[in-house]
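Chains: A, B, C, D, E and F, in written order; residue numbering restarts at 1 for each.
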Amino acid sequence: MGAGERPVSAELAAAERFLFLEARLLDAERYDEWLALLTDDVHYWVPGVENRNRTDAEGPFAPGRMAHFDDGWTDLQRRIVRFTSETAWSENPPTRHVHVVSNVEVEPAEREDELLVHSLTVVHRGRYEASDEALYGRREDVLRRVEGELRLARRRVILAHNVLPSKNLNTFL
Amino acid sequence: MSLPPPAALVDVERGTVDRRIFWERELYERELERIFARCWLFVAHESQLPEPGSFLTTTMGEDNVIVARGRDGVIRAFLNSCPHRGNRVCHAERGTARGFVCNYHGWSFGLDGALRGMHESGAYERTPGFDPAEHGLLQVAQIDAYKGFVFATFDAEAPPLADYLGDFRWYLDILLDNDDGGTEFVGGCIRSVIACNWKVAAENFAGDALHAGWTHDSGARAMGGASVPTLDGQESYQVNVNGHCWEFNLDLVGNAATFGDKRVTKNLRVREQELAERLGPLRARMIGAISSATVFPNMSFLPGQQTFRTWQPKGPHHTQLDTWVLVNRSLSDELKEAYRKGVMMTFSPSGVFEMDDGENWEYSTRSNAGVVTRAQKLHYGLGLDSRIEHPELKGNVFRSQLNDANARAFYARWTQLLEADSWAQVNDR
Amino acid sequence: MSLPPPAALVDVERGTVDRRIFWERELYERELERIFARCWLFVAHESQLPEPGSFLTTTMGEDNVIVARGRDGVIRAFLNSCPHRGNRVCHAERGTARGFVCNYHGWSFGLDGALRGMHESGAYERTPGFDPAEHGLLQVAQIDAYKGFVFATFDAEAPPLADYLGDFRWYLDILLDNDDGGTEFVGGCIRSVIACNWKVAAENFAGDALHAGWTHDSGARAMGGASVPTLDGQESYQVNVNGHCWEFNLDLVGNAATFGDKRVTKNLRVREQELAERLGPLRARMIGAISSATVFPNMSFLPGQQTFRTWQPKGPHHTQLDTWVLVNRSLSDELKEAYRKGVMMTFSPSGVFEMDDGENWEYSTRSNAGVVTRAQKLHYGLGLDSRIEHPELKGNVFRSQLNDANARAFYARWTQLLEADSWAQVNDR
Amino acid sequence: MSLPPPAALVDVERGTVDRRIFWERELYERELERIFARCWLFVAHESQLPEPGSFLTTTMGEDNVIVARGRDGVIRAFLNSCPHRGNRVCHAERGTARGFVCNYHGWSFGLDGALRGMHESGAYERTPGFDPAEHGLLQVAQIDAYKGFVFATFDAEAPPLADYLGDFRWYLDILLDNDDGGTEFVGGCIRSVIACNWKVAAENFAGDALHAGWTHDSGARAMGGASVPTLDGQESYQVNVNGHCWEFNLDLVGNAATFGDKRVTKNLRVREQELAERLGPLRARMIGAISSATVFPNMSFLPGQQTFRTWQPKGPHHTQLDTWVLVNRSLSDELKEAYRKGVMMTFSPSGVFEMDDGENWEYSTRSNAGVVTRAQKLHYGLGLDSRIEHPELKGNVFRSQLNDANARAFYARWTQLLEADSWAQVNDR
Amino acid sequence: MGAGERPVSAELAAAERFLFLEARLLDAERYDEWLALLTDDVHYWVPGVENRNRTDAEGPFAPGRMAHFDDGWTDLQRRIVRFTSETAWSENPPTRHVHVVSNVEVEPAEREDELLVHSLTVVHRGRYEASDEALYGRREDVLRRVEGELRLARRRVILAHNVLPSKNLNTFL
Amino acid sequence: MGAGERPVSAELAAAERFLFLEARLLDAERYDEWLALLTDDVHYWVPGVENRNRTDAEGPFAPGRMAHFDDGWTDLQRRIVRFTSETAWSENPPTRHVHVVSNVEVEPAEREDELLVHSLTVVHRGRYEASDEALYGRREDVLRRVEGELRLARRRVILAHNVLPSKNLNTFL
């Protein structure tokens, strides 16, 4: 190949490290450490995806519509209180989640200290004796450099699912 | 398998229910015919169909239907299945359209379901006796609305909607008519699938105050920092009319408080006086109280949290949950947003309350796979002697929301409908 | 469920079909016994079995069978299930073998299905009364070929293949006998699964010219840059014999043109004169025309595009589609390649025509999950009065390919077979 | 579908079995009621429940049960389904607990299954006639152990475990009582799912020595470097009692050798003299020989390899395999580890022997989807005349382990149970 | 670790960027941009995979046999005409595809200006209210440097599926 | 982004190359080459995952409990003898495996010449006409530098499955 090729950018490498670490923390239910990866002003959004015609101006999802997550830091923290409560009966025995992350791409974001990161997520769930659920989604994240470390400032996950093929969503995507 | 008649499966007097009603396909198919093809079913809120051409698709039992507002402003419902070869004619879940065109052979239907045109129509025109008027999408037998809530039934003999709801309207008014501006759904619909029998969910909202403090302890801690208080000893009730059920106490804001959003509870407290004038002081205190309700058979809601949902049957062991948020139209945008977010955080599939329910319901259903397990009766005997007369509350009234009275009434209605050959044999109760 | 008899489900006179025939498992199981275990079914093209030892596996109904050419050159078909404990004896879909050895206990069978040896055979030899001749793989009752197409039936009482096909052979000859060299399948088989009842697909090819212009508009534009022309007003027909159906016009190359490959259409035009001499001018113009056909019950093809396929039933709501490409042996390699690629581009699961069909068929089936929907009759009344006498065309002839005549004939045959206790009660029609 | 009575499906005299017994749901449901809800079923080894509070969950048929050791040291078994609304009360597969609390409404049960408390119990206390003693988890009808192996039955009329096992205990002692220290399970349980009818697996272990040399040739080569030797001509037997079956030769270490671990075989050889004193020389040589066994209906094991497993029915076409490893308690840790690893390498789902079985069993089941295939009888005639009297061996004895005698006895017992209305109609055989 | 380690090659980084971008364009149905990523002489091949014995000399797939795709540029372009036609009824509402790409490996190709790229693809499909289909395949691509940019010159996808578990294939793999 | 960013480490790049090559060898049943990627003292462990309460001190898996694999080199070699035996009837026609590897992360290991490598694996299986099985697991590997090449010295795969949703496991994970 010719000269002038870009090697893997430091940004891409850092974004992958961030996302893979995040996935590993979620698989292990290390929620406090996960929360520490987010900025204070994080917006974590997994809109419901509606089944609409192409010509429909309202589109399959939009802010202000129903969502699985449309959370700020406090909302996420509340969910974690639930997950880690000893009276969260249905979390015991624990769910076995596997967060597969792939197709990581990095672009400049609007702010200098931020990166726009594309990725895909496949979240597989094993519960008790069953293990037949997998959710697929495309993510668009904004990672921000805060005191030398990357933090998740914004996430949007567009699921491939219209009717969620599951009774609940007891992890982050 | 030889099943006993439905009436032998439910013993209201002794408070027992046969587990087979949650498992057997034979009973499920009878439900589809005698309950879902016969009762008034919730199909839309008028606000979902704001203008001529607005439509949505939903199911009545396992029948897919289109609900559409015509050019004349009238809301109609008809089967979403082409009378030609049966293809679905509308694949979108909602939107705006000028009509519906079948993808297979191009039959096109108006917003009223009438056959409006055909691809290669010349061939039909030459066929003797072909009358397009006979080949529209099949209309439901009756469609009507109660204060914004649109219901439909496939049964021409069903009593009018007003009679079907009966005095339950007096309760529904608490949510549907506490403000001059009326109500609307905000934010659309989240749909999910639970591997449970639909009745397990419907009965839970009909009268299962008992589970709240136990099942949802973790959710209550997450949202409010504390467990649900004991419900025993508070003034509380279960009421039911024609199988429609509401269980409640009178704490005004118990449900609403689960959002952990002071603006929501404050709004209710501020409105208490105004509400009391409109609804009377008793109903006013029901508006956001710890409570839940089911409109027979499969529409449920939580006052205060304002989540409205239907339990769509998908076979005897699966239920699709469609969930919406109801608010007053006149509410500020800020508060509407607070409700939308609050429902999402608590009673969507990712909600901190909802997720514990699904787990219980799935295993309450699945356990019945065992033939020995299935042969046992379940206990529905709580509050067997709790029926009271009440000077103000309408319908059948029971003291204490910690009670199986509503569940018993739900299954009594279920039995009555499954036994009856037609509506003529069904009486109000 | 109490289903009416099949004859009450299909009303040929009025042109209606009961939707339950596409849904109910009880009817499906009757189909397996009275149609798939009784009719002649397509199992192979002789070119797929070029030499002694060539074999393929396929299904007849839900019965898995091996079709193999023996050392004697004879093609036989027998169950792909070991008579010992029932294991499948051949897992490959095609290939060459010296015989078939069961993986479980090592019983080995010849290319003729006979039991040839056993692991630890000494133990069997000592068992009194054990006769290997009684334990071969079960042969089909009859197997025969028509010009390269091999059919088999599990029913010893079925009429001979020639009678079963009857005058439909005269039509089949258009594709099977338009050249001295005979035909072959090129390129093997693509298999896929569609969530539809098998009859929805079979009836489509039997007589659904109507859908072509609508459903496949996008495919036609992609391949030819233009929509399918209106079929109304052209000279066209539907014909059927014993439930075998062909619908067509006489435009010579309408189907072939969908490949968007001039070499293919040019070849047909060049051959028109030669074909007319061999087949007569009428049949010659059918060779690549806009048309489709089904050999009852589940083998279909498109003249011109040359896709041949079977609709293998996999329960009442699923169908496996096996698809092949038929060409004349004498065709140039270049043109054979053009057909292979053309079928792939148009009528494989990724084909620009095929993909629209599947969607329609799935929802034409799935809609019937609703009990109210399922209670409606579908419309099969197009061309009710279109039967004609024709001086040349054989079988039952109807004017205009825009017609439900073939579909009616297909379901009339279906009804007859489902009602009949044996072939003695089935007459030619 | 009209199925003949069970007795018409199995012909022990001629050695044929109707394939429908592996396919039809109607028969499967009868099995659940007449076999799994009636027979003694293996539920635990005592070593799995070492101390008060130890519990495990398993299934008896499709009924989920908890097996727990109470504070009193007594092992009990009861349904894992809450009598309130039916929720599963224990989701863990094993562990230690002080009791079981239902997630739905907080009913809590003791280690003996008794209802011990309720959330909001005040409400229940006020309900007239509510007696907690009536609402415990349903106990099995009988529970008993044989030398560490715990069995339970849902049928109060079932004969005592000792009679149910009958003289088969004399054989079980070979593994359960060859050492003063008794036995234990090591390493827990691996569970997997096979798409086969449960009987296909159970009959394989009951008497299918024939498949070993063929199916497992590759496994034998991998572990021992050589094929399984021919079994014909060796001194070998099949024996059965009340449907419990053991097939074996007398080579002492044939099965054990498949671990490819000399320490294991050496240990058996070293112990041979001691074993002969304890069990007699004949049974001593069975201890690790090429052999397999099934305790009717669904518990199987391999002497020498020491894999113990149950075939849990999950519908007519699926089976869950639970697999454990049995060792003598007094065995050295090194040898226990050798057994654990040996079973894993050979007879877990990733084991080099196991993986070939599953493939055969799935297709032996699935072939019966075909109506023509299903109408054939399978051959179970090997060794039809091989019954012998033996001076020492108990039960029904047949010469040569290459034999269908045990399979015939298994299905004879199956027929007898399916035909019988109660245990009173079932005789020892 | 010792010295002499190769860092991620510029080629690998470029190949991943290419494949992830391609996947994102396909998920978004940006077919014209996708087409622009291909060389004029592209060969896009997804053969049917037959179930044959190991000893069978003909093998599970081969040129000249039936294929899901065996396309040149014009063929692909035709498919796109179909996908984007407003009369492609069954494409409306749109399918929700997620193209997961993983296991990217790069080798030198025969030509200097080309790379041989291995990858895996998992294509998940959500359609209307359903979302239960996923196709798995192993890809072998040739990427060519054209005027400084990578272009897809050859693709071969070997599916793990014999009977396609779906009614159709309305995307590229 | 600021200075001081780490680019992709040579270690990570090498680990990915190793794991993707390994997956490709397994997909192609190139077992001898696969075996050559392992150290002589390899420990290959896929424990059974039990469904236990959070408070259960014994945990969902542990050494000494039942496992799908708990193998040394000789054990693995024996499995390969089985896989490649011409009398392994059930391996013919061959299974179509796809080994998806993702989320690769590298950490220093205890030994200088070793790397601790996290990854996820999704193993899809097509068999005869069926292709509906996928196993999900999280892996923790130790890769060791041996004569300049990476070798697998230790693998632990924690499956998301309690009841294995399959009749057998005829590949490595």
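Side notes on the structure shown:
One rule holds for everything that comes next: a residue touches a chain if its C-beta (ideal position, glycine included) is under 8 Å from a C-beta of that chain, and two chains touch if they have at least 3 such contacts.
Here the structure is a predicted model, which means the values were calculated and not measured.
Chains that count as touching both chain C and chain D, per the definition above, are B, F.
Chain B and chain C touch with mostly distinct residues; of the residue numbers seen at this interface, under half occur in both copies. Centre to centre, using the average C-alpha position, chain A and chain B are separated by 32 Å. Look at where the CA atoms of chain B average out and do the same for chain D: the two points lie 47 Å apart.
With centres taken as mean Cα positions, chain F sits 26 Å from chain E.
Put simply, the C-alpha centre of chain C and that of chain F have 46 angstrom between them.
Shown for chain F are the residues that touch two or more other chains, namely 7-8, 12, 51-53, 89-93, 100, 102, 122, 128-129, 134, 162-163, 165.
Residue positions of chain B touching 2 or more other chains, listed in rising order: 91-93, 103, 191, 215, 356, 359-360. Chain pairs recorded as touching, per the definition above, are A-B, A-D, A-E, A-F, B-C, B-D, B-E, C-D, C-E, C-F, D-F, E-F.
Residue ranges on chain B touching chain E, taken from their complex, read 91-93, 103, 191. The touching residues of chain A, when paired with chain E in their complex, are 1-2, 4-8, 12, 49, 51-54, 60, 100, 102-105, 118, 120, 122, 134, 136-138, 159-163, 165.
Those residues of chain B lying in contact with chain C across their complex are 29, 32-33, 36-37, 59-64, 79-88, 91, 103-106, 119-120, 122-124, 127-130, 135, 138, 154.
Of all the residues in chain D, the ones that touch chain F in their complex are 91-97, 187-196, 215, 217-219, 221-223, 227, 260, 320, 323-325, 337, 340-341, 343-345, 348-350, 352, 354-356, 358-362. Residues 89-90, 92-93, 128-129 of chain A are the ones touching chain D in the complex.
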